[in-house]
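So, here's a batch of structures to check.
Each of the next two complexes has chain A plus one more chain, namely chain B in the first and chain C in the second.
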Partner chain A sequence: MSAIDSWLRRTLGRAGWPIALAGAVLMAVGTFLSWTYDPNIVENLTIYLYPAGPQVYTLILALLAVVMLLAVRGPLATRPLGSLLPGGAGAARTAGVFSVLVVWLILVSIAVQLHGFVNIDPGGWVSGVGALALFVGSRALPDSPRPVLDWRLPSAVQIILIAVALLLVLTAAAYALNRSDAWVFIDFLLFLAGVVLMSRNLGILGYLADATARLRRVTLLAAFIVAFLFPFTQNGSDANMSIATQVLIFATTAIGLNIVVGLAGLLDLGYIAFLGSGAYVGAILSASAFTHIHWHPPFLVVVLIGACVAACFGLIIGSPTLRVSGDYLAIVTLAFGEIFRLTMNNLDGSNGPDLTNGPNGIPAIPDLRIGGFDFGEPHTVLGIELGRFANYYFLLLVVIAFVVLAFARMNDSRIGRGWVAIREDERAAEAMGVNTFSLKLLAFAGGAFLAGLAGTIKAHHDVSVTPDQYQFLESAFLLSAVVLGGMGTVGGVLLGAVILKLLPEKLRFFSDYRLLLFGLLLVVMMRFRPEGMLASRRRQLELHEEDEELAEELEGQVADVEVAPR
Partner chain B sequence: MNAILEVVDLQVAYGKIRAVKGISFSVGEGQLVSLIGTNGAGKTTTLRTVSGLLSPTGGTISFQGRRIDNMPAHHIVELGIAHVPEGRHIFPRMSVEENLLLGAYARKGQHLGADLARVFELFPVLQERRKQAAGTFSGGEQQMLAIGRALMSGPRLLMLDEPSMGLSPIIMARIMDTLTELRERGTTILLVEQNAQAALELADYGHVLEIGRITLSDTGANLLGNAEVRKAYLGED
Partner chain C sequence: MTATEPVTETATVLQAQSITMRFGGLVAVNNVDFDVNDREIVGLIGPNGAGKTTFFNCLTGMYRPTRGTVSYRGRRLPPQPRLVARAGVARTFQNIRLFGNMTALENVMVGRYCRTKSGVLTSIIRGPRYRREERETVERSRELLDFVGLGRNADHLARNLPYGDQRRLEIARAMATDPGLLLLDEPTAGMNAQETAQASQLIFAIRERGLAVVVIEHDMRFIFRLCDRITCLVRGEKLVEGTADVVQSDERVIEAYLGTGPAKAEGGR
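Coming up: the complex of A and B.
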């Protein structure tokens, strides 16, 4: 990119800025015109003077770009705007890139759905050309360094800022979930990514990250309140709540896996089997008519049994393999995952006991009942109907809070320090008196415990448990969520889980290609950001050792293993 | 003088290769004992076996009258043997402070402020850079950190494996001064060195190792004066 940038800078010189500004204005004007004639695709972009859906994203990007450009040059650049937005050029450049993506994705989708670019109305062309001009012009702008904001705000104001940011996240999530058109959904995600990266270039994201790190408890509490409010934005619709609960189950499991992979550095390729053991325990001990054990203890007991069974499996797998070095563990856990699935497939009474009904699994698991509260019944709170999935959502929120707490406590403790030492230099850790074997076993069994716990709830949530829900692919997805989001951080894994679970649900049409796309995504991540989207400081140091600038930036901060984007 | 560490007829093998072929020595309370010898003589193997990282194939090791051969490494650290490994092996991406706290890993739930202060007094440079990642340190500073880390476990016996390795003569002298200081404070030290001159100058007692056997044992001063030692290890004709 930099070669193109410098070429553009030489050819355009000072003309870059007016070109970019004109482009941004064109983009904005285009959104008030019709983009196509067919009102049934991409959320009706046919009406003049009334921007809808993607046109609104375009308009917002264009206006933001105009503000950034005015902060870089022109009459407003020195006093009011320039001093307030010192990182304008970088942000304008980001706006350029994402304007092209956001506008042209829609134009291409119109062309694809109506068979040809002829079907794009003038408005689409105006915005499209404007976006390209903004992109080219902003590339020629001189660099401005990413500023570090040092607003000294009272902590009350900081808390309000964090709350506002979280509410924006909630609004965006609710809005995104309600997009039924896949093209518009992707377009919105691109728009969102653009806005986030722009705020990063302005230093706002960095400021927020520091503030959340300082006010960690408040942030956590606020995040849970926001997550708690989510079902109330859904008007009793089960479609989105079903996705949300699946995301939560996936995220809980992924955080458990993150203890094993991210903290202790053990590669577990069969983690889904621990979720499966919990789920099977939950199903077998439930009141389903298809189980062969007629003992139905209260659910809290079932949860404990499920988690302990999973932890026992963890101990059985871990104790012989954790004594030897890493690769063996990966192979053994991979095999364990398959053995689990095959065993569940074959425990149907033809050979050995009839426990699992074989490939048919255990269907018709009744909804949970805890202390007279029926999770299958919808409830009305403050005039808003909360359906079956909302009930599970709240329960899972409690579970994930517990898991996050367990994760944080372990990370900050003496045990956490021992894990880091093992990851860094196992022999030296041993010489320092770290009981490496039992610490690794603790991570392994602890991770299995949390997965088993989540599994018992998953059984009731899913209504049925079958062996093919627990195949290797699911372990691979869990691992991808950890790697994609950021090893060793909670926020990163939550983000990774949301992306990996939400995208396939919303984009049904690409489910055939999802493995291909995730593979590509992982390759791209490994090349450009191997530490994951939200990385821990220490991981960044591990993966960018040659990067001296970063080393300096992080110097003195390594002790502080916080979730904070770079 | 009471022997704090007693090694009798110790044998260690890597598979079929016998690295240590039956050596015996002891370290008295408050003494500084040196093991010298060339590469492959079995010095490092001996230390690693004492600290439990390797299992002996024969012989016994006793620490304060207790058998510790075949005891897991973390128990041995808890008993009070600290090991500064060859090549320092500090944790490069942990801060100085985290490295030091890790040294005290075996001491659960104790207050470590006083111990930290003592290490910082011994090596002021560590205090100045306590939040810095240890991997950014120079070799000498890393060696100081490795020694400080070992001291954090509150050891009764400090074992050092080639602390002079890869250091400039000035830094090496500084490290040796530190060892003298530690001994004067009453720390018992078992020092493994290739640099025979430096090691024997400090040592109350020295043992010369050659391919897995002790060939000479005497006081440090006597060994320094020994013609054979001077010829083989100090490069004199």
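Coming up: the complex of A and C.
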């Protein structure tokens, strides 16, 4: 890219800036014109002087780009804007890249859906050409360093900033989930990525990250509250809540896996089996008419039994294999996952006891009922109807809060330090008196415990439990969520879980190519950001070993964030 | 602290009896007896490949010796590194093995692991006992960092420390296990004269705290000035044992280092 950049810079010289500005203005103008004649695709872009959907994204990007460009040069650049936005050039460049993506994705989608580029109206062409001009022109801008903001704001203001940021996240999430058109959904995600990266160029993202690290508890609490508010944005619709609960179950399990993989560094390829054992315990001990055990203890007891059964499986698998090196563990866990599925498939009475109804699974699991609260009934709170999935959502939110708390506290404790030491150098850890075997076993059983816990809820949520829900592919997805999001961090895994669960739901028409897409995504990630999207500082160092500058830059932060409380 | 324990002048801290270590047909250590007394600094020298590090690994349970026993303060040491560390024998490594992506302080805190108790539930609940233990761990670790002269580098990542500091950090980490005996494998390898002098000051200071120390080293001047007693290993066997003067003037030692033949004629010097 830099070769093209320098070529552009030489050819265009100082003409880059006016070209970029003209492009941004063209983009903005184009959004007020019609992009196509068919009102039924990509959210009706046919109306003049009334931007809709993707046109709004384009307009916002264009306006942001204009502000950034004015901060780089022109009468406003020296005083008010230039000093306020020192990273303007970088942000303008990001705006250029994402303008092209956002505008042209929609143009291509129009061409695909209406068979031909002729179906694009002049407005689309105006914005499209403008986006390209902005892209080319901004490439020729001089470099600007990414600024480090050191506003010394009172912590109350910082808290407000964090709250605003989180509310923006909530709004964006609610908005994104309501996009029914897949093209527009992707377009919005691209727009969002562009805005986030621009704020990174300006140093705002870095500042927020620092603020959240300083005010960790407040941030966690605020994030929890925002997540709690989410069902109230859905007007009683179950469609998105169903996705949200699935994301939460997936995320809970992934955080459990993150203890095993991210903290203790043990590769577990059969983790879904622990979720499955929890689910089967939940199903078998439920009041379903299809179970063969007629003992129905209260749900809290079932949760504990499910979690303990999973943890016992963890101990049984772990104790022989954790003594040998990691590769064997990966193979054994892979085999365990398959054994679990096949066993559940065969415990149908023809061979051995009839526990699971074989491939038919256990259907008709009744909804949860805790202390008179029926999870199947819709409830109305503050005039907003909350459906069945919203009930499960709240329960899962409590569970995930517990899991996150457990994860964070374990990470920052004697045991967590032991895990990191084992990952860094097992022999040295052992020579320092760290009981490596039992610590690894603990990580393994602890992760299984959390998965089992999530499983018992999943059984009721899904209504039926069948063996094919717990196949190897699911383990692979869990692992991808951990790797994609960032090993050893909570936020990263949550993000990874959201992406891996949400995208397939929203991109149904794409489902044939789902695996291909994930494969590509993983390859790209491993090439450009092997530590995951939200990396733990330690991982970042591990994977960029020769980068001493990064090490020094991160050094202070590691000390600030990850050392035990004084 | 071990310093407060009443021990007689010549109490034996470590006793290794007829240690033999075979790897297939190769005899790396052959029938070596080795004692360390309380508050003693013992040197272990020998040419490359003499089996010094192998012998260390036998002492610390990294290897299970083919024959022979190791006991610490009269109790037999099981051949498991973590139990050896718990019993009170700590070590450093010839090729530094710090936890590179942890800070200096965290490295030392890992050393406290075997002397602390917090389990899963206490770590999650974080009651007053947990917090007290955690605070004590941090305090003790900081004190040890100050002791080895790394107090200012507590929050630096181990892998970013200069070489000499990494060696000292390893010593601090080993001392965090509250050992009565410290085994140092080439603590001055790659150090300049000034750093070497600092290292011997440090080892004397460690002895002041009531620890016995065993040092493997190639720097003869360093070892002769430092050690109360020196054992010379050659081809896995104990050649000489005694004070610096005895070992220094022993012809067989010089022969082992310089070889026979022409060297023998000048050996007298």
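The rule is short, and it goes like this: the second predicted complex is superposed on the first by the 555 of 566 C-alpha atoms of A that agree within 3 Å, B and C clash if a C-alpha of one lies under 4 Å from a C-alpha of the other, contacts with A are read in each partner's own complex, and residues count from 1 in each chain.
Going forward, contacts are C-beta pairs under 8 Å (C-beta built on N, C-alpha and C of every residue); 3 or more make two chains touch, one makes a residue touch a chain.
Computed from a predicted structure; not experimentally measured.
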First, second, both or neither for A:Ile272, with chain B first and chain C second: neither
Partner chain(s) touched by A:Leu503 [first = chain B, second = chain C, both, neither]: neither
Which of chain B and chain C A:Leu405 touches, first, second, both or neither: second
Touching partner for A:Val97 - first (chain B), second (chain C), both, neither: neither
First (chain B), second (chain C), both or neither touched by A:Met487: neither
First (chain B), second (chain C), both or neither touched by A:Ala476: neither
Contacts of A:Ala310 with chain B and chain C, given as first, second, both or neither: neither
Partner chain(s) touched by A:Val420 [first = chain B, second = chain C, both, neither]: both
Chain B versus chain C as contact partner of A:Val434, first or second or both or neither: both
Interface residues of chain A shared between complexes with chain B and chain C: 414, 417-418, 420-421, 424-425, 427-435, 538, 541-542, 551, 555-556, 558-559
Touching residues on chain C, where the partner in the complex is chain A: 60, 62, 81-82, 85-86, 90-91, 93, 97-103, 105-106, 109-116, 118-120, 123-124, 126, 130-131, 133-135, 137-138, 154-157, 159-160, 173-174, 176-177
Of chain B, residues touching chain A in the complex: 51, 53, 72-74, 76-78, 83, 85, 89-95, 97-98, 101-103, 105-106, 108, 131-133, 135-136, 149, 153
Touch list for chain A against partner chain B, complex: 414, 417-418, 420-421, 424-425, 427-435, 538, 541-542, 545, 551, 554-559
Residues of chain A that touch chain C when the two form their complex: 405-406, 409-410, 413-418, 420-421, 424-425, 427-436, 442, 446, 538, 541-542, 548, 551-552, 555-556, 558-559, 562-566
